[in-house]
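You will see chain A twice below: alongside chain B first, and alongside chain C after that.
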Partner chain A sequence: MTSAASPAVRRGPDLRIPFGFALVALACVAPLFLGNYPLHAIIIALIFLLPAHGLNLLLGYTGLLSLAQAAFFGIGAYASALLAVHFGTPFYLNFLAAGLVTGAIALPLGIPALRLRATSFVMCTLGFVIIGQAIAKNWISLTRGDMGLAAIPKPYFALGPASFTVSGTVGFYYLVLAIAALATLAVYLIVRSPAGRNMIAIRENETLAESVGIPTWHYKLVVFMISAVFAGLGGSLYAHYLTVVSPLTFQMYYSTTMLIIVLGGGAGTISGVIFGSLLFVGLTEALRVAPELRMIAYGFFLLALVFYFPNGFAPLIGRFWSFLERRK
Partner chain B sequence: MAEPSLSIKGLRAGYGSLDILNGVDLDVPQGQFVALMGPNGAGKSTLLKTLYGMTTVKGGSINWQGKDISAFKSRAILAEGISWVPQGRCNFPVMTVDENLQMAAYTLRDARVKAERDYVYDLFPILKTRRNTLAGNMSGGEQQLLEVAMAVLQRPKILLVDEPSVGLSPTAIGIVFDELLRINAAGQTILLVEQNTKKAMAVAQRAVILRLGKVIWDGLPADITHDELGELFLTGRMRGETDVEH
Partner chain C sequence: MFYTVIEQIVNGIVSGSVYAIVAVGMTMIFGVLRAINFAHGEYYMLGTFGAWFAIDYFDLPYPAAIVIGVVATAVIAVVVGNFVMQRIVGAPAEAGVLATLGVALILQNTIILVFGGSYKFFSGGYIEPVSLFGFTLAEQRILIIIVGLIVFVGLELMVTYSRIGKAMRAVSQNIECCAVVGIDVRHVALWTFILGACLAALSGVLTAPVNVSVYGGMGELITFKTLPIIIMGGLGNVRGTFVAAMILGIAESLVATYVGLQFRDTVGFATLMLVLMWRPHGLFSAQARF
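Right, the complex of A and B next:
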């Protein structure tokens, strides 16, 4: 972990907040000059940002490598879809329920898993994804198996007599943008709090953290649950955006994508993860111009990343901040 | 000798099903500087970890100021006035000296944190000059001092120090041991585990030798030569003695 990348050691005026606002402002006017397709890519990037934020809290700040994000992403997507399809509940209820359900499921999964050390923990989280997919495939009476759940309504808000549906790409873009901004703010508040500092202490030296009296086990469990909630909320958005969920929502693909976003962007930094999700989703979309070479090019890109930016892009972003600060 | 404040009797402990300590007996009176030595795998570090509640105790007792603490967890042990300085570089490298000390004060109330930090800075002025430096960017000796400071900050009644000389230059080792001697002179009880036997014997008031999870020698450092120490480490007995292991 480079020092420039760690928020625990940042000093002086924080330029990231005004810059963040500028970025949000830019994002707000983006639909004016972006077509539907780039907007779609950004929507996917912002949806992926949620599980990536969750994984960053777990991996980047607490030092726990988890492959379970796809499982929680899927659980969130199915929870939302089942509620919407069977009970016709409004979007915001499904969205909140998806977060609650994933958090609640993460508790009994986290208790045994977090007792395991390093590699065993990773294998265990991988198991959650496989089990999740098996359940989605085989509990046909609930999930309709491989048929999946279709016709999930677009987000629809009802407040008293007033109601409206977010149907178009632009509408959904604003909805996802608002949620991603709130999630980013939440992560920022968590890592800036004393709890965030304790998480970093656990990441840096768990034995020492334990020996100074930090209840490391409780911290790891709570962070595991929070990261699951983020993944679940992302899954819910995904279900309502694509309007269909299937056992494919439980693919390892999502876990590895989250991992690439966090590690490639810069574990332990918020701006790195935002940059990472835009970059890697953007890259996947951009490479569609050469479908037969797509995954090969993606692979080469990852290799180059590992060689030239072993800490992800965060140090680069860090240099950008200090450049701005020096110019001030 | 004063009443022992720490009294270990027949202590058996280890990790999981693996037993490392096979009946350790040891009394440490208030204010004493005890060096715990022995060959690799003797159980020195395990003894310190056991005192700090980080292993599985299988039998025996650890009496600390009239209380059996063998079933206590680290946090409760810390509250009882026992602090542990783990082996090797054991700080939070991406945090500053100040932040490291703040983490070390985790269990203290906010009002006391500043006071205790100032107390530590008075004790180790060199750390005060480095207060805004990242711990990971300091020299090994400074980091070791920081680690001692992090434990001393709790104003422990006994300080458990595990191999402070690991990876340090001779000069840095000298500084760290001088500091340990200084806080011991001010009344700090210290139980030190050390591989550097020369250095340990020079500073400690008492030498305790552990082999295969048992205390095999206990006395004044002046009463044992380095050759005899080597003999004890290798064979478990002194030259001319009959085998004491069986």
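Right, the complex of A and C next:
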């Protein structure tokens, strides 16, 4: 796998920090000049950013290829939807509960799965998706089967006497933007901590990492759980945004999408994953590409990534930056 | 009661044969390329579509449709093999997973785009029932069992005696040594892949009269059923794969009858996870190689 591209010796001020601030400022005022549809596309992209961050921790930093993100995404969506529909709990409770539930489910699933070698581990994580879908379809008394759960309320907050509902695209945009920013900050803190360096050590050489005293087994299990929590939180947002969940939430399609985001953006980089989710989810959603055409394009993207861009497309941007700086 | 059990077991053997014909190809591809072929079910789908196209558009008889389905798949397999599968030789495991996932997406959605996503009716095949030892069985099902046996014996003979078969076994044991003694690894990989894709197509065409409906997404289900089989059989192990396919076929048929039809498609992965916890290297291989 890849490591973060290390910038060459720079002359002049680093352009990336002001650029980052400009991007954040732009994100804050985006609703002023974007129509509802592009905003919707960005919301979907930001929702997918959460499970993608999780997968990036797992695949990009710890080196474990997992297809289970769709399963945890679905579990989070269902957990949130069930709470909202049956108990009418407020959004922030559902959101936190979705994260806790997926984390708790990931523990017993991760213990046997992580004992397997590369190929078998991939298969096992794929099995989680298939079995998750079967449960969502067949546990009709709880999940209403193929009919799915509808009329999930839009997020509303009740703090003491004051309560307000986030309705409309603009309101939801700011909510998702705030959560995505917090999630990105969380990933940044994890990756920059000593734990993050240990994860990279496991990715590069697990045997060597273990020999210098890193408890690799615990690290892999905890990262697997954290990635599941991220996916569950994303699923919760998805359920509250679309207001319906169905067994189709457990689909290989979502796992593939998350893989494309992480690998396409650049596994093992945070900015790459943000770039990837905006490019692959936001752009295809905004362009209203027919689902079949989008999947065909994803297929060609995957092939191109494997054979021509093993570091993802984000390094191209890095090259563009250094090109700009050299010109100054 | 006893009669139903026997009947379900016979049905299980039929679907086991279908899975076996698909799965041997996939397991041989794994043996040579060290890559799980996530697109394998799509060749099953392509074969079925080829045959359906021949019957529906050109009114060809079923035997001719079988040939057309398999040949059409072989042509596509040559293209995919040259542009994708050969490059996987010696690449890390993740590359194989991702590349074949990409191929699966492209093949499946191209077919949906061209022919539409709706279910199509497959009208060929031998669906007359015949009586055999007191059981009534459609002719097509008997044909499936017979073809399954022929494929199994044929592959065993090929792998044991023919030059390319020996080369396949050699490559699946040690790629570098093969290159040293002058075996063209990429050539062997390509032919193994084409053979596997053709077997999957054959299985698809043979099953189509039993399943009746043809649709673009049908390959994915077959891939998901074949994956547990080849892992339970021990990756790269042809004989183990046949036994595992029969076990899964019979188990599915019994679960569908006695537990509930809706649980049939989960049997494979549920069994797989239990098996992996107990014997991570599959049921029939001596030690874990992958």
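Definition applied: the second predicted complex is superposed on the first by the 277 of 328 C-alpha atoms of A that agree within 3 Å, B and C clash if a C-alpha of one lies under 4 Å from a C-alpha of the other, contacts with A are read in each partner's own complex, and residues count from 1 in each chain.
In this section, a residue touches a chain if its C-beta (ideal position, glycine included) is under 8 Å from a C-beta of that chain, and two chains touch if they have at least 3 such contacts.
Note that the coordinates shown come from a computational prediction; the quantities given were computed from them, not determined experimentally.
Novice: Tell me the contact category for A:323 with respect to chain B and chain C: first, second, both or neither.
Specialist: Once the two structures are laid over each other on A, A:323 reaches no partner at all.
Novice: Counting only touches as set out at the top, which of chain B and chain C does A:200 meet: first, second, both, neither?
Specialist: It touches chain B, and chain C stays clear.
Novice: After the superposition on A, what does A:308 contact: first (chain B), second (chain C), both or neither?
Specialist: A:308: touches no partner chain.
Novice: For the overlaid complexes, name the partner, chain B or chain C, with more touching residues on chain A.
Specialist: More residues of chain A are touched by C.
Novice: If you stack the two complexes on chain A, which partner ends up touching A:213: first (chain B), second (chain C), both, or neither?
Specialist: first
Novice: Is A:256 touching the first partner chain B, the second partner chain C, both, or neither of them?
Specialist: In the superposition, A:256 contacts chain C only.
Novice: Between chain B and chain C, whom does A:87 touch in the aligned arrangement: first, second, both, or neither?
Specialist: So A:87 meets neither chain B nor chain C here.
Novice: Could you please specify the touching residues of chain A with respect to chain B in the complex?
Specialist: Touch residues, chain A against chain B: 1, 3, 6, 8-9, 197-198, 200-201, 204-205, 207-215.
Novice: Using the touch definition from the top, list the residues of chain A that touch chain C in their complex.
Specialist: Result: residues 65, 112, 115-120, 122-124, 126-127, 130-131, 134, 137-138, 252, 256, 259, 263, 290-293, 295-296, 298-303, 305-307 of chain A touch chain C.
Novice: Using the touch rule from the top, collect the residues of chain C that touch chain A in their complex.
Specialist: Residues 36, 84, 87, 91, 93-95, 97-99, 101-106, 108-110, 112-113, 117, 220, 224, 227-228, 231, 235, 260, 262-263, 265-266, 269-270, 272-273, 276-277, 280, 288, 290 of chain C touch chain A in their complex.
Novice: Give the list of chain B residues in touch with chain A in this complex.
Specialist: That would be residues 52, 54, 74-75, 78, 84, 86, 90-96, 99, 103-104, 106-107, 134, 136-137, 150 of chain B.
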